[in-house]
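Scroll down for the structure; my scribbles are underneath it.
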Amino acid sequence: MLHTINKSPFFSNNLESCLKFAKDGDPIMLYEDGVYAVLAGTKIEPAMKDALKKHPVYAIEADVKARGITKVLEGVYLCDYSCFVGLVEQHLVCPWF
Amino acid sequence: MAEKEKTKIMFVMRKAAHGSIYAYEGLEAILIMGAFEQEISVVFIDDGVFVLKKEQDTKPLGVKEFSKTFKTLEDYDITNIYADRESLEQRGLTADDLIIPVKVMEAGEIAKIMEVQHVLLPF
Amino acid sequence: MKFGILIQDGPYNHEASDSAYNFIKAALERGHTIQGVFFYNDGVHNVNKLMDPPQDDRNISRRWSELGAKGIDIVVCIAAAKRRGINNDVLVPNVRISGLGQLLELSIESDRLITFGTG
Amino acid sequence: MKFGILIQDGPYNHEASDSAYNFIKAALERGHTIQGVFFYNDGVHNVNKLMDPPQDDRNISRRWSELGAKGIDIVVCIAAAKRRGINNDVLVPNVRISGLGQLLELSIESDRLITFGTG
Amino acid sequence: MLHTINKSPFFSNNLESCLKFAKDGDPIMLYEDGVYAVLAGTKIEPAMKDALKKHPVYAIEADVKARGITKVLEGVYLCDYSCFVGLVEQHLVCPWF
Amino acid sequence: MAEKEKTKIMFVMRKAAHGSIYAYEGLEAILIMGAFEQEISVVFIDDGVFVLKKEQDTKPLGVKEFSKTFKTLEDYDITNIYADRESLEQRGLTADDLIIPVKVMEAGEIAKIMEVQHVLLPF
C-alpha cells in the first residue's frame, strides 16, 4: 500500500496517522505541503528518521524546490511525477487527507 | 457463467462533521455506491469517529442532521463498518457513544483490511 | 494500466488540482490510460469557464478542457456542482456533468484510483 | 458599533459562511451596524447566483443577496473572483465586485473587523 | 484580545498556537469544529483544564449540540452568537486559522 | 488641522507557501494596503515562517515564485516584520534562512504588538 501525504506535518496530524497505519515496507509519497516533512533539523526529524528505517520515503522534487528546502533528510528519495506514477502502478493508494 | 467479482471499495472517513462538508458528501457517495451491489466498507479514523457521535442536534445550527442516515447503511447490506480504537479513546468515546454498531479495531487490523481493497476513498 | 482520478479540491486555493494534472501528464507519458477524472466536493470549481487568472498564471479550467479534448472523460458530480453554483452554462468544453454513479463506475473500471484533495 | 466582516472560505464546503451569517444576524439584533462584508480567497464563491442546493438545505448566496438588499455593502474581491471564475454574469443581486482597497477601507472604517475562514 | 478557534484540536495545531500567544485573562471563543475541544475525557483535556485556569473559554452552543457533545468540560461557557458579538464589542479579535 | 491617526493593521501569516494560496493572496493584500499610508505590520507564525524561506525555485512546479516580492515591502515603508522564534526553531530555521530581515521575537512580545492593533488579518 502506497501512502500519500500532502499537508504540512507541523500543521496537521496526517503524517502521524499515516505512520500509525503504515506497515513496515509500505512506501510513503510526500507531495505539496507534505514535503516539509523532509526538511532536516526540525522538531519532527526524530519521527521521520524512525519512519525512514521502516519505509521507503519519496518526495516530489518540484514541491521540495518550490519551498526552498535544501537540507533534505538522508535517505529520502527526491523524485518526479513519473516515479509517483510508477509507485501507483505497483500499489493500492491510501491517501491521508 | 461465472459471477463477476465484486469490487471492494472502502470509504476512509477522517474528518469531523459539520465544520466541513466532507463527511456529508462522503455519506452521499456511500449511499449511491451501496445501491450497486459492490462490496462497500467504511472505516472511521481520527476525527471521523465524531461523525457517528450519538445525540447530534443540528436544529439550532440550521444545517442537516445526517448522522441518523448512517443507520440506513444496513438496508444496503453495508455491514463492514470499522472504527479505530485509539481514535475513539483519544476522543473519550467508546462504541456505545456511536449511533450505529461498528467493529472497533486496532490500526494494524484496519490496515490489513485496507490492503485487500480495490479502492480507498478518503472523506 | 487504467487510472481513475478523483479530485476533491478547488483550483488555485489548494495545490490538489496542479498535482492531479502533473500526475495525469506523467501517467500518459508512461503509456497509461486515464479512464476518467471525477470532480467531487469543491473540486467542481475546477471546470468553471469564467476563470480569468492573471496573464502570467496557469489557466486551470482550460487545462481540464484540453485533456477532455484529447478524449479523456472528465466528469463533474451533479449534486456537488449544483450546490456550489456550477452548471452547464459555466462549464468549459469537453467536460460533462453526471451523477455519483460515475465515480463508482470509475472505481470499478480503473486498475487504480487515486485521489487528490482535500482542504 | 460598526463591524466589518471578512470571509475567506467558500460556501457549503466549510462552515465559515454560516458562522459569519449567524454573527451578522446577532450583531444586527444587538443594534450594531455592519459596515461591510468582504469576500476574499475562496470566499468569492459565496455570491454565485447559480447555486442550487437541495430543497431542504439553505441557499447561501441568496442569504448574502438578502443582506445586500437591506443596505449592507457586500463586496467581492475582483482579483480573487476572476481567478476562480466569479464575475458579474453569475453574481447574485445586491452585491458588488471591487478591489482589495475596499478591505483596507473596511478595516479603517469599522470599529472591529472579524474574519471567518479558512479551510 | 479575543481569540477565536474553528478547527478541531485533534486535527490542527490552531488551539495549541493560540494558547501559546494568549495572555492570561484573554477570552477564547470556540466555534465550528473548534468546539470539539470542550468535550470531557479526551486526550486534550489536560491542556484544556490548564487553559480554563487562565482564560474564560466560550463555545457556541449550536455547534456543541450539532456535534452531539453532551459531556462538556466544567467551566466552559456555552453561549450563542449574541454573546460572541458581545465579546467582539469588548475585544480586538485574533483569529487562529 | 490634526493629522488623522493611521490605522494599525497586522497581517498574521500562519500558512505555508504553495500548498494553499493564502500566503500569496495575503501578500497581494499587504501590497495594496501598503500603498495607502496606513501602519501595516506583518508577523510570521507557525508554517507562515516557511513563506520567507530563501532559495525557493517554483519553476519545476509551474507556479509563481512570490517570496521575492516580500523584498518590496521596504519600498512601501513596511518594516515592522516579525517572526515567532519558536516557530522558526521547530522548523530548523533561523533568521538567516529568510529572504528578508525580520525581527525574531518570543510569543509574548508578539502578543503585545498584536494587542495594540486595530485589525488582525489572518493568512
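A, B, C, D, E and F are the chain letters, set down in written order, and residue numbers restart from 1 in every chain.
Operating definition for what follows: a contact is a pair of C-beta atoms (placed from the backbone, for glycine too) under 8 Å apart; a residue touches a chain by one contact, two chains touch by 3 or more.
Predicted model only: the values in this text are computed from it and were never measured.
Note on connectivity: the fewest chain-to-chain touch steps from chain C to chain F number 1. Touching chain B and chain C at once are the following chains: A, D. By number of C-beta pairs in contact, D-E leads over the other of D-E and E-F.
For the touching copies chain C and chain D, the fraction of interface residue numbers used by both exceeds half; the interface is of the same-residue type. Chain A and chain E have Cα centroids separated by 32 Å.
Distance between chain centres (mean CA atoms), chain A to chain C: 24 Å. Note: centroid distance chain C to chain E, computed from Cα atoms, is 37 Å. Inter-chain spacing, taken between the CA centroids of chain C and chain D, is 27 Å. In chain F, the positions touching at least two other chains are 15, 18-21, 46, 61-63, 118-119, 122. The multi-chain contact residues of chain A, meaning those touching 2 or more other chains, are 6, 10-11, 13, 32-33, 62, 92-93, 95, 97. Counting partner chains per residue, chain D has residues 8, 12-15, 41, 57, 79, 113, 115, 117-119 touching two or more of them. Pairs of chains that satisfy the touch definition comprise A-B, A-C, A-E, A-F, B-C, B-D, B-E, C-D, C-F, D-E, D-F, E-F. Contact residues of chain B toward chain A in the complex are 12, 14-15, 45-46, 86, 107-108, 110-111, 114-115, 117-120, 122. On the side of chain B, the complex with chain E involves touching residues 15-20, 46-47, 50, 53-63, 65, 67, 89-92.
Residues of chain D touching chain F in their complex: 4, 6, 8, 40-41, 79-80, 99-101, 103-104, 107-108, 110, 113, 115, 117-119.
Chain A contributes residues 6-8, 10-11, 32-34, 36, 39-43, 45, 61-63, 65-71 to its touches with chain F in the complex.
Those residues of chain D that touch chain C in the shared complex are 10-14, 41-42, 45, 48-54, 57, 61, 79, 82-87, 89-90, 119.
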